[in-house]
Amino acid sequence: MKQRIRRNRPVILIRNVLLFLVATLALPSWVYAGDTLVVYSGRAERLIQPVLDAFQAESGISVQMLTADSTALINRLQMEGARTPADVLITNDAGTLERARELQLLQTTTIPDLDTTIPSRFRAPDNSWIGLSGRIWVIVYNTTMVRLGDISSILDLADPQWKGKIAIPGAGSVYLQTGVSVIRAVKGDEITTTFLQGLKDNAGSFVYGKNRQIVAAVARGEVAAGLVNHYYINRHLAKHPDAPIAPLLTDQEDQGMGVVLNAAGVGITAQTKRLAPAQALVRFLISPKGQRMFANVNKEYPLNPHVTAAPELLPLQSFQVALVPLSRLAQLRNPTMTVIENVGLR
Amino acid sequence: MLPLLYVAFSALTADPAVWRRLWATRVPELFLNTLSLSLGVAVINLTLGVSLAWILTRYTFVGSKIWDWLLILPLSIPSYVLAYTYTYLLKRGGTLEQVWQTIAGPEAVFFSPFSFAGAVLVLALNTFPFVYLLTRSAFKNFNVSFEEVARTTGADRVTTFFRVSLPLIRPSLIAGLFLAILYVASDFGAVSLLRFQTFTYAVYQQMTGRFDNTAAACLSLVLVACAFVFLFGERWFRQRSRFYQTTSRYRKPVPQPCRPLTALLFTGYLLLVFGAAFGLPVLLLIQWTVKAASAGEISHVFIGYVWNSVSLSGITATAAVICGIPLAYLACRRRTWASTFCVQGAYTGYVLPGPIAALAVLVLVSQTVPQLYGTILVLLMAYLVHFLPAALQGMESTLQQLTPNLEEAARSLGARSLRTFFHVTLPLVRGGFLSAWILVFVQCMKELPASLLLRQVGFDTLAVRIWLEASEELYQLAAPPALLIVVITIPVVLLLMRKDQT
Amino acid sequence: MSPPDDKPLVLELKNVSCSYEAGTRAVEGISFSARKGDIICLLGPSGCGKTTTLRAIAGFEPVSSGDIRLNGAIVSATDRQIPPERRRVGMVFQDYALFPHLTVRDNVGFGLTYATGDNHRSRIDEMLSLTGLSELARRYPHALSGGQQQRAALARALAPQPVLLLLDEPFSNLDPDTTERMRVELLHLLKTTQTTAVLVTHDHEEAFAMADYVAVLNNGKLEQFSTPETIYHLPVSPFVAEFVGQADFIPGTIRDSVVVTQLGTFPVPSGYRGGPEVVVMIRPDDVHIRENGNGEGTVKSRQFRGSEIIYGIRLGSGDVVHSSEASTRFFPLDAKVELEVIATHTVLFDRKP
């Protein structure tokens, strides 16, 4: 190795390193640029970004977003405490929003036209979160393999006759957690556990992380039926209009449990320093325009009754919905996780 | 070290009910999954690594020199990138299944990528170069007399291979497998995309799916405990199986030319492995990137992600080298009880999978300086905890190669120790420190779980983008950042490889 | 060139050539043979092809022409090549190549896979006691001394009762004292076990001490195959003459059936067919010094070797010859002396070729 040692060399080296350090450390500081509204979103970026872009264009308020799992966002808000950069929290699950309320991470939203836009059963009692769109948990079935009448209750899926014929979401799915919470609230832990055990046995290896995969598996006829959020069926039909699949709304008999409904919603953080722009965003989201964008981009039910749902959806008023208040979902969450884990769903 | 103790503390003070629940529901399954995944990967690695190393050290044929290099390239693909290309390739009705159906009939089904087989395949393709590299150098420096003497006593080729060659390279083989298994156990990217439940993935799930981190800490503790047992087991085994060369003079193997048909067979095999582990995924990435570019999906936002990744990695690498200098110096020159403790403490970061490093830093920060939470510094700390060992190892070995006589000479000429360090030591070890810097830089570029958990608002890195897009199965959108990471990593892998060879 | 004997032929090489790559020949046209119990030494400088020949016999190098037979059956020819494991030859490598992952006992038993259990064990015990390793059977090779390692390698090679034992420079890794002892031990072992052996060495003393027949190789060719005595006293080429011991060459001319040289005249051996301009090989032990103040020779060098002293004497012509004298006979440097040559055989080489 040829190495000459000159006096100035190490000095230059150290100077370069220091320069680089200063330069790189200085760079990320633009992130907290003052007036930008910061949104924590548990809703997929693809579904929320267009709405935020529209808001930005209309109001001139710039928006920055962090997407992550809803629960992770709550944990994060809690840890960040008063220093949180977040102004608005959007999630796909009312349970998570309610949990945020309990932890006093959200503040009461006072918007004049709230009562006329979103029905109170889709809001927190103190308006600290507001539902924006509804999604129902349904059975997707292959029309060539299942006759109407074979299944009427969601609990029927645990029947041994469906062994190897159904597909279910993985234990990590918030939809599954919400659905199980509702079933527990209505039917109790014992029935729920039996149901989950049967579900697990019947699904075998057909456990999917993505609802879309469940719909696709049903469409291909690999399984006869599966549990999904309704809009995944519409999404699949939009691409493959001839697919032999249809939604089945369960537990519709008199006094039946009704289908599980969950809501995506929004809340303003307790610690926001940009209240006005945050309120502006919430108002945009409950306005007819915002509602159409927010719900229709994903074929969900707009919760503002003045806004009609996408034409391919069954009207919200035409079926029974489980009467478990959205605000109870949060309390049910942790014990539900335990039930799911005890059964050993993956 | 400190973060790890914090995790241990919060796990041990957890409600016994949490422990009971985890023990009853999660731990056995996770343990079994992690173990079987590691074993599955180990078995495939063993077969692939040993056979490839054998072919390339014992035979020459057209292109055998090039293969030598090509087979390291799979190391440049992050596990989550490989996993996401395979979710595409292996999906129902996907390319591979169509090919398979034309061979095996229309009813044939390929295994799903979201299964044990899928996870084993992806991780094995991702890690076999570890075993290959170490086995290769063992075979290259093998004393052929051992094989020949076995032949003269009546053992045929196959018997000789299994009774003599393989047992003799056992230490290298085990070192390679050890690396691969550690990689598998701490991998987050691939198992999360393939949704295969291992300890590392479960820690992430507990962190994101539950409203407190106790369960995550408990699982972390179990995993770290297993990792320690594994580490010591390996060390014990290595000490036991240390073999002595009976003399310094020995015959190295001379690669034999082989018949055209055999050469064709070998080339086909190599092509298959290389194609599966690198060629096919990268071709897919290129194709998607071209599609994305022509659809105008690569915007200035993408440049922003590149900048985020590069600046973060740059800062971390610089910080790692700066923190590493005193530690490496202590380790090499002033061995005392305290310094050994410090250095070994820093090395514990090795056994921390990404999500656990993130968790550790998170717990530490929230209990000591909560003001920092949500800032870029937290992520930097996690990176540092995670990658300092890698930097330290490179720097320590560089320093060790430098004879202390040089420094003593400078001291005898009247230079004070600080001056000696800056004027003599530092300039001489610059090369080694630079490669440590590069190593950490590339690791950071690829880092996923900690970035995912700790990133600041508006500070998505390339790896995070790939993961987010890939988990939505938006193949085209994930491709440009994935391709970029691969392209950045290739020269570094080759560079490290060349150093390894000289 | 087979030794005249009535014991069965074990090894025959006929016109064997080996080449590493097409064109370059490592070994060319070698023929020799060995009968049961013979010890053959392949002797030559490094790179002469002796190890290649040994490896060709073992089956590690293919032959490019000629054939090799073991017990009368062809094992190597251009069109057939019996793999090493089916030749029943034992081999002791230069570095012994004891398997480091096996104990001495397992090393010795390595080749006995196909023997039945009892035979297996008793054969190992037999070999271990024969080589004096019984006490060390449980040790690993790295815990053995050089001589013990060699004995273990020997025991391993002999355990399967090979037809032929090959030894590649077996003493090159030992210190001189051990070498001396091991030579005696090895010779004794080979003779008591009636083992036919081919041994490669570059040391002629070793070859002479061990061999029944010596094959001198140079540049891939067999120069001479004969008993040690013949090789020493009647070398067929200046190379052989020099390689197996110190030799001086004095120019001479054949006149009237005698060779006339500056040291006197010598008879022309009956086999000589070359031209009249020759050199005569003279070994130091054939040259005797006589004190003579008017002698033609001058003592130019003196090398004390214990039992003898080698003097270098410059002749009038400027040529230097060496003489070995008893160490009690002392001549000062630059002393004038006279030389007398007493040789039983005259060895002549043509000066032209």
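Which chain is which? They are A, B and C, in the order written, and residues in each are numbered from 1.
Here, a contact is a pair of C-beta atoms (placed from the backbone, for glycine too) under 8 Å apart; a residue touches a chain by one contact, two chains touch by 3 or more.
Remember, predicted model here, so these are calculated numbers, not experimental data.
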Quick one: which pair of chains has the most contacts?
A-B
By Cα-centroid distance to the whole-protein Cα centroid, the innermost chain is B
Taking mean CA positions as centres, which chain lies farthest from subunit B?
C
Expressed in whole Å, how far the mean CA point of subunit B lies from that of subunit C is 56
Can you work out the whole-Å distance between the CA centroids of subunit A and subunit C?
88
When centres are defined as mean Cα positions, the distance from subunit A to subunit B in whole Å is 34
Inside the complex, what are the residues of subunit A that reach subunit B?
3, 5, 7, 9-10, 13-14, 17, 20-21, 24-25, 27-28, 31, 38, 40, 44-46, 64-69, 71-72, 74-76, 79-81, 83-86, 99, 170, 172, 205, 208-210, 212, 216-217, 220, 222, 333-334, 337-338, 341-342, 344, 346
Along subunit B, where are the residues that touch subunit A in the complex?
21, 24-26, 29, 92-93, 112, 114-115, 195, 197, 205, 207-213, 307-308, 311-312, 314-315, 318-319, 322, 362, 366, 370-371, 373-374, 376, 422-424, 426-428, 430, 452-453, 455-459, 468, 472-474
Where on subunit B is subunit C touching in the complex?
143, 145-146, 148-157, 159-160, 163-164, 167-168, 170, 241, 243-247, 249-250
Which of the residues in subunit C end up touching subunit B in this complex?
58-60, 83-91, 93-101, 110-111, 113-114, 141-142, 149, 153, 156-157, 159-160, 162, 166, 173
